[in-house]
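Everything on this sheet refers to the single structure shown next.
The chains carry the letters A, B, C, D and E, assigned in the order they are written, with residues numbered from 1 in each.
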């Protein structure tokens, strides 16, 4: 096997006294999509945020996280991101008060060409709504913006947290296709509840349970073994399943 | 039971919700689907009074409630959940539900009684928690719950209010696959009781198809169709606008 | 019409009111009696001749010490009342000083200018203070967040201007209005009777703490806590946020006015200092210093703040400071310099306020007793 | 007629002073989300540093180029203090708004006391060019030159700030960082730099206000900054938090209102009217004149 | 020491004829009036030295001074006074601010201790009660001095320009009585104390075309006010009279300084008495409030000399007493304890930061005597 792009070893996170991750270890392959699975509240988001250095201030992280030979722990988030770690958060976090264009402009990096054509080709909606304030976009539109923002730059690894949450089936398909194309050129660590999406994208899978890695290996293998999936994820995968796991839009919009 | 008459909400020139006529019969379960940005959440906001309609009326039991503030509508039996979980983060889970029960039992000012002493309220709250399977998290602070757990708490808050018309905004969002059937069962049981009506937005078609008596499809703020699930699913426009090609 | 959300209020750090989360433990059974014990100790304090050099000028039973303690107690109560708004309901009012000032000036004017007996003046003032709070609150509560803070500040500012303008010579303008003690009960007049004022202040504090405790443990108190977290949700549950906020605002205003009555007696008059917006800011400082939303935090914060405010003047002129080199002694002889520096340090060293200190100490103690096992590997 | 012109122009001068104080406050308040009660301190530092430079700095003086140099020194000092305050005191407290209020309140108390300890409580005569003491006849009104100077400075500052926010990348970062600091970092931007910058700008504007205020008042005293602060806060709120343009409108409204009511009404009524204006604006438009309509 | 005592203990002063006499000085060491306070205390020490001939003793009893800072806040002053009284102090002096003096005075009366108010200029201290005296001048005396600038007031038009509030009210009332009573028509222009822009008021004054403008303005905005009056041509169009403040403020008048007629309580060189020489030898440059401290010390020594520990005797000893102070002959009027003293007309010359004041004329204590008021308590 090729050298992993990211290695998580014995990662342990406590937040406000709760021991959320208790010694999680897994590699992320240098190509394709590695998907992180697990029930609600098991700590998937916590894992991604620990990798990108966004654990809340009352939290404590132990263990090692390495990208190549470089340790990522204790380095400020903005440096990690500049070094090629792209992050799309669970609740999207677009800047509600800025326009779509400004949201994108913010993601530009000094000294690097911003790939606007790639983003607009994937999400033509963003180009049309360039002057609309991001806060007034619908949930799905905001998700597109959040993904678009990170695709503006070349990254060594993308961390994406539940990108299809709250998206209409049609948009889920679109986003999945986009991610599939993205994964051709860069590795992705994906948190996803929608098993249909997982089936389509994932090469490797890591399943978390009770704060630890319960299973790791080939994703398609996992999905084929109904019994295994059932025991790990609590659902059968006998037939293509438009998962109920599709989550809803959160964030600052609507309501 | 609940009806909207040409309900419209404009921001500037744009109609976010565009002349919606809806009728919800007692005991009926109406699913609402539509692409992202179709105006589903906005419609809920208009019905519950969080936003003021620019045009049109909302009727509950034939009574015009368009100009009532949110809490008055709640008294009349209108309850909702939020798409983005909105629970009382600094209260414990149990306190959250107790507050909802208390609100339902009449919001008179009680400054001098001990809240904890009210056994009836506590019992009702625990019952609601039990129903969504959160009883074991009763003492946790609601703010520290994982996303999925907050969704359940949202529903418990709604249950505690015993509303006659319930508006559920993507209740399944972020709920573990494992827990979905359980939650679906809870929601179904709601409708069975005493002619309660439900209006539910959900992107998850399985759930909608399983629960809904009728499905309304929204697109660009307007009501595209409102019919039985079979008819709606067969509708070509709906296919094209919402479902897209299957994965 | 679109609903508009005003920019974020600095939401008070969420704290669960102690009375809403039962805490099991060894102390469980003793706890309810601790406040009573504290009250008792405070009540018999004036019988002690204990000298606390450096902390108080004279023995505990000397009038100077009792006067200082009485002022501290008043502000302890005032801060606790303010916390009902800020820590428990999440309303950031910048005009709370107005209701306190209304209490002080109301009593003073009714006694000195109108010649009413004290009890009538006090009753009228407290009622008047609550009504004033209700009226102004009814207007101010139409806004939320920073806007609310600013409207309350503006009302308080009008109060300050009116006092300074001295209409009809009623308030004495910037010179203030000394209280005419001729109609007062003898027990409240004269240095030898300072102890009675002390007890009065203690009683006020006890009442405020009891009321705030009772109210925040009541069903209404729970709604207030809910309002602090999510007002919109409260509305959808079927409760009128406005009504509840107005009740809290009025109650807090009434409590502040009552504090003003006692303060007027203790200080023997009214002066425009108490109408300044700085006083409200100090209230905020007291509450945050102590720990918002906790039962004892604001009380301790208020007491400590006032103690420092009064004692630092003595510290600044003490020989110890004078003998320092000028670079140090000059700033140190400015009480406000020391007070300001203390706030800043307090923020860094006691996050969560004094009330947070106990839990931090418990944590420390626990970790000393059983060190957390580091995970192997 | 002369009176109206006189009142208008002096009112605008007052407005310019309010704007200079309020603009920095508004930026820090609206964008970095810090209710900066220490803003008055920056003002005081700017004023005292200018005063000191005019007397002690080689090349600086009370007139001509020397005065410009002294003001530049004052602005630099104010900026420096603001940056230090941000780096040392505010930075560890981002996202803890209440603690920030506490720290800035503490700072304003301690800082003003420190000025007083160093230079005494009494007002000191402020160095100022001869020209600013005079008046200019405009349509029969004798308009004080000090006020005119303030107006010019305020217009320049307004233009510079608007251009900065709208057209520079830092302006964009600042606007985004206010909403979600974490997410700005997650886009690979060191957001802390932006907040330091906001403080530097705020400090510079305040210091300039302090220096020009010194010219206007003719004296400098430790409490000067704090006494202007309350009106500055009112201006910020009426104008809408974080909106520089809004602050400008509001400052003009407040300055003119105060001036005219003080002349035609009775004394003290001007202040009450300003407060009334604040209440009215907030009740009708809680987000202020130019405030953003946040989507809830 | 015992740990128990009565809560109503206060140390009893004296009894022992050789015990030191305790004198409490409560004045502003910090806060806005700190520099007034500094002059006061320097003057007091020089005065004590002068009156006891360097021994600091009256008979064989040493004078023991305790200083307390009130920071200009009446509440702090009251606390300090109560503390001192509780410790057996029979004489309290100080009070830099009027508000402080007015609230300490009743405390003195309630506890039967001697109170000698300091620089506080409010007329209300005069005749406040039997135990209250003053060692400085009062507003009324300023106004009488101002009147001396216009010769015969009959038919003249006088405008008072003053701040809102009690200080302004008092000055306006005094001008109406003194100058208006002598036949002039008096009107007033009032401005809020917080005003920063004075053009509207200058315009109003100019429109009134007065023969005499009396300005009563205190605070840091004074220089801006003078500059505006100058710029709008008020100073050159009429006689403008105001009180001469402390030296530090002289340069802030700028060019306006030479166009104003000053009435003065005191400035360096205004008198050439023995006391003034002694003071000058001690403090170098004499300033406005040095004489107040000096006179207070003289009064304290007189009170102790004649009264011992008996406050009532002290009062009797002071009432009607005349003595040679810094300013010349000073008389304590028996009826209302007004301190009759010489006042001065002065002119300011110089430029930049170098200004000197010179006396134009001095008025005797009788010429500037305020009308007697009835003793209130």
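Please note the rule applied: a residue touches a chain if its C-beta (ideal position, glycine included) is under 8 Å from a C-beta of that chain, and two chains touch if they have at least 3 such contacts.
None of the values given here were measured: they were computed from a predicted structure.
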Legend entry - Neighbouring chains shared between chain B and chain D, ordered by label: A, C
Legend entry - Chain-contact steps, minimal, separating chain E from chain C: 1
Inset, instruction - Identify the chain whose mean C-alpha position lies nearest to the mean of all protein C-alpha atoms shown. - result: C
Legend entry - Most distant chain from chain D by Cα centroid: B
Inset, instruction - Considering only mean CA positions as chain centres, point out the chain farthest from chain A. - result: E
Inset, instruction - List the centre-to-centre spacing of chain B and chain C in whole Å, with centres computed as mean CA coordinates. - result: 42
Inset, instruction - Give, as an integer number of Å, the spacing between the C-alpha centres of chain E and chain B. - result: 74
Inset, instruction - Would you mind pulling out the distance in Å between where the CA atoms of chain D average out and where those of chain E do? - result: 37
Inset, instruction - Among the residues of chain A, pick out those that touch two or more other chains and give their numbers. - result: 136, 253, 255
Legend entry - Residues of chain D engaged with two or more neighbouring chains: 113, 116, 268, 271, 294-296
Legend entry - Interface hub residues of chain E, defined as touching at least two other chains: 30, 164, 192
Inset, instruction - Would you mind writing out the residues of chain B in touch with chain C in their complex? - result: 11, 48-52, 54, 69-72, 74-75, 79-80, 82, 86-92, 95, 98-100, 102-104, 107, 109-116, 118, 121, 139, 141, 143, 157, 161
Inset, instruction - Please give the residue numbers of chain E that touch chain D in the complex, ascending. - result: 30-35, 164, 189-192, 194-197, 199-201, 203-204, 220-224, 226-228, 231-233, 246, 248-249, 251-252, 254-255, 353
Inset, instruction - Please give the residue numbers of chain D that touch chain A in the complex, ascending. - result: 169, 172-173, 175-176, 178-180, 182-191, 292, 294-296
Legend entry - Touch list for chain A against partner chain B, complex: 15-16, 18, 39-42, 45, 90-91, 136-141, 143, 162, 165-174, 176, 193, 195-197, 200, 233-235, 240, 242-251, 253-255
Legend entry - Residues of chain B touching chain A in the complex: 11, 33-38, 41-42, 45, 50, 82-86, 144-149, 169-170, 172-180, 184, 203-207, 241-247
